[in-house]
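Each of the next two complexes has subunit A plus one more chain, namely subunit B in the first and subunit C in the second.
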Partner chain A sequence: MPVLKADFGACQGYANCVAGAPDAYDIDDDGTVVLLKERIGAEDLPRLQEAARSCPVSALTIEDA
Partner chain B sequence: MDDHADVFEDVRRGMIPAHIYNDQEIFELEKERLFSRAWMFVAHESEIPQPGDYVVRRVLDDSFIVARDEQGSVHAHFNMCLHRGMQVCRAEMGNASHFRCPYHGWSYRNDGRIVGLPFHQDAYGGEAGFRRKGQRLLPAPRLDSYNGLVFVSMDPEAPALRDYLGDFTFYLDYYTRQSPSGIELRGPQRWRVKANWKIGAENFAGDMYHTPQTHTSVVEIGLFREPKAEKRKDGCTYWAGRGGGTTYKLPPGSLEERLRYVGYPDEMIERMKRSWSAEQLRVVGQDGFMISAASAFPNLSLVHNWPRVADSEAVLPFISLRQWQPVGRDETEVLSWFAVDAEAPEEFKKLSYKAYLMCFGSTGMFEQDDVENWVSLTNTAAGSMARRLRLNSRMGILADDTEVVPALTPEQFAGPGTARTGYGEYNQRAMLNEWADHLAAPARSATATHVGGPVPEPSRDPNTVVNGA
Partner chain C sequence: MSTTVVVGSSVAGVRTAQALRTEGYDGRVVLVGAEPGPPYDKPPLSKQFLSGARQAHEVTLLTAQEAHLARIELRLGSAARCLDVAARRLRLADGAELAYDTCVIATGAAARPSPWPVRSGLHVVRTLADSAALRADLLRGGPVVVVGGGFVGAEVAATARGLGCAVTVVDPLPVPMGRLLGPEVGAHFTALHERHGVATRFGTGVEAVTGESGRLRVALTDKTVLPAATVVVGIGAVPNDRWLAGSGLLLDDGVVCDEFCRAVGTGDVYAAGDVARWYHPGHGTRVRVEHWTNAVDQAALVARNITRPEHPQPYAPVPYVWSDQYDWKIQIAGTPADATRHTVVGRLSGGTARGGALYGDDSGRLCAAVTVNWPRALVECRRLLAGQAPFDTALDRVDRLAARAAGRPGATR
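Entry: the complex of A and B
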């Protein structure tokens, strides 16, 4: 099952991911990404991959658990 | 800039200085004192039914994102990024959970709250340098709705929309609440005409006198059977609260027969009977008047007509909403929507849409007739001779201000406000008196929002309100 990962130090708060997948990503009050879920279904993978890849500083990845 | 007191005095006597239809100083005054205060229509809720749906609409020079947020609430936010002032949303309509500024990538949720602020820590030192928490796109000072019609006002002190519209809501219901589900819209078609915005607003408010002349050809080809001169003076005009309009007199008959006469099927008539008050039903069923064109001050107009849509005697009613959006002293952007009862049968909606497009919208025959006049009028009002002319807009009253024809009594007309049959320019005068009242009253200075930064000393800027402080 694919797992969402974030490099919280790299995140610069662009929020492109939030626009792409508001059900999976958010930005907290400090401007850092929050993962709203970790494990995702295969049917969500293409959409979440696109959201993760939209990060301008490559802080988001999706790994195979 | 002088205070134009003499202009307003002339207007209140029903004598219209012709230059007000093409005058830069007057237009500046309208922006400062009228459009800064009045409630202005921006959208109908049916245009943005789902969470994330939005339309971008202007109020003169200001662009607003009118969006339904994830919780279903409707907002209108000034379409300008809090950072460098770039337009945040550049599409005209769509569905989005967020809006991202194309310049530096700041982003906002569809309820206006900021979500993305790249390099907040590195660039500003985090919250210490820029208070990000609580920041949101600048909301319209006021937002309110009636029957799903969404209005904004630039004046935080504006009266409630319902109070502003006053008894005009009685008539607005005929157009926008024919069933409990209200209306749904198609459009808008949007185009510009080289005409002053007031001309169309006045025309829709009460100009039944132009119909037999301007729209002769429409009658000749049999598209519309009503606008014959003698028919128009039998109808009445009414003014109530901040709006007014024209009506046609219906042939004798019951409520049902009269609604059938303008083309409504029985199932729609049944819903009207459940949706309108006893007085609203009486105006049609007993008094025998059917609403036609109308304007709500300053620049929202409505129309309800019942043309023939095929080579038969059958007619079909349509409803249209429009906004006269001022672009300049001599240019107006028209936004024209088709409106129909959401519960109407599909076949009715289809034919009603066809009826609308034949009459109004960028290709409509009434539209073409009208605009030719209004462009010409605007041109003619630009020169020095127009400044010497006070147009007589006193139709319906004698030199001593008594009426040519007395107003209808409550027994003759059950609607609120004042209604009169016969030819008259009562409504155009009411419209321009309201206009003069707005323009004569000095505007308050607006408060400034200082986005997340230091605030000037109160002594320097007493009007300041700080966002997010």
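Entry: the complex of A and C
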């Protein structure tokens, strides 16, 4: 099952991920990404992969677990 | 097996190729790029790459290995020369011809060239080589004059200042950022330069640049002359669509597309990113957008529409752009040009600035927002914009965020 990962130190709060997948990503008061879920279903993978790739600093990845 | 040829190794081109695989496209994917090196990301060229904080390999968008794993065939180092839409063939500068079933034009935009013919020391910033050459000149020291107070000019000024250069920014507009954000909010961006020791000569044009690297002279319309070791010209960009003249595609400051990002008059040619001028159903007109996020979003949509042509989706994004200048993270969403009123929330001055401005249109809706050092509020505004929220509702939400951040209800405005 694919797992969402984030490099919290790299995150700059650009928030493209939130626009692309508001069910999976949010931004906290300090401007850092929050993962709203960890494991995702295969049917969500294309959409979440595109949301992850919309990060300007490549802080988001999706790994196979 | 069908073949999609993506023309341009811009972020739009790379992301289209990747998104085709993500969407399950099973044919050949060929990515054509004019530059010989691996595709790279452009936002760092005026910031982290220019400052030296990031090296060339750290701005790569797609390595050879990643391309191999995604079955993306890289055809780098040869520019596209002409497109034969009827025969579905693309010819490259090296003479090679590629046959395609679907073509995506993602050739981006080029820096608007400097109108002043100077042999050395004058730079634009658009490619990795541009940024590396500018960095070498900045490291030699001496005063820097930046022509253009928009995003690229302001970011280069901030980076050059960070490298210890004496910097002056020149722009013919009295408040350069005021054109986009209105004079009141725009004035805070002028103050940002001045607070960091960068001189501004706004409301003044450039008449001529003469001399050579290390000994340049920038003559202004007010008859003063600025000596400069290095001059940077950031006066906009022009779409790379000239190679398509004669292709039969409709060109008008970019490739003219329908709401599905298909080049009008074709069924198998798409465009994405800076080069695309598409019909935006939300605005009711054709627009061309030069922002990174638009390139990425448009690439994903084009890949979807190629993969599922029986259910094409229209492309109607809320515009979003960011800029990092000095100690400010600036984020803008929506269309401030539509505004008839605005309200400032929080603080837009000083080193600990954290605030924004909300813009409303004449229908009473939120039409845009700008935030400084406040990503949380920008996220909220992007949601509100997507939902076409009333201005007053949006203001109330952002006020509450400000109060929560300050821990003092109602104390921020």
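Simple rule for what comes next: the second predicted complex is superposed on the first by the 65 of 65 C-alpha atoms of A that agree within 3 Å, B and C clash if a C-alpha of one lies under 4 Å from a C-alpha of the other, contacts with A are read in each partner's own complex, and residues count from 1 in each chain.
Keep this in mind: a contact is a pair of C-beta atoms (placed from the backbone, for glycine too) under 8 Å apart; a residue touches a chain by one contact, two chains touch by 3 or more.
Since we're looking at a predicted model, the values are computed, not measured.
A.B. asks: With the two structures overlaid on subunit A, would subunit B and subunit C clash, or do they fit side by side?
C.D. replies: Taken together on subunit A, subunit C would clash with subunit B, as the superposition shows.
A.B. asks: Is A:Pro46 contacted by the first partner subunit B, the second partner subunit C, both or neither?
C.D. replies: So A:Pro46 only meets subunit C here.
A.B. asks: Contact-wise, after the overlay, does A:Gly31 reach subunit B, subunit C, both or neither (first, second, both, neither)?
C.D. replies: both
A.B. asks: In the overlaid three-chain picture, which partner chain does A:Ser54 touch, first (subunit B) or second (subunit C), both, or neither?
C.D. replies: After superposing on A, A:Ser54 lies in contact with subunit C but is clear of subunit B.
A.B. asks: Between subunit B (first) and subunit C (second), which, if any, makes contact with A:Ala15: first, second, both or neither?
C.D. replies: both
A.B. asks: Return the chain, subunit B or subunit C, that is in touch with more residues of subunit A.
C.D. replies: Ranking subunit B and subunit C by residues of subunit A touched puts C first.
A.B. asks: Could you name the one stretch of subunit B listed in 9-17, 27-35, 135-143 or 207-215 that collides with subunit C in the superposition?
C.D. replies: 135-143
A.B. asks: Once the complexes are superposed, what residues of subunit A are shared between the subunit B interface and the subunit C interface?
C.D. replies: 12-16, 18-19, 22, 26-27, 29-31, 56
A.B. asks: In the complex formed with subunit A, which residues of subunit B make contact?
C.D. replies: These residues of subunit B touch subunit A: 96-98, 100, 105, 107, 115-122, 126-127, 132-133.
A.B. asks: Which of the residues in subunit A come into contact with subunit B in the complex?
C.D. replies: For this pair, the touching residues of subunit A are 12-16, 18-19, 22, 26-27, 29-31, 56.
A.B. asks: Residue numbers of subunit A touching subunit C in their complex, please.
C.D. replies: 12-16, 18-20, 22, 26-31, 45-46, 49-50, 53-54, 56
A.B. asks: Give every residue of subunit C touching subunit A within the complex, in rising order.
C.D. replies: For this pair, the touching residues of subunit C are 15, 18-19, 22-24, 41, 43, 292-293, 296-297, 300, 318, 320, 322, 324, 329, 331, 373-376, 378-379, 382-383, 386, 401, 404-405.
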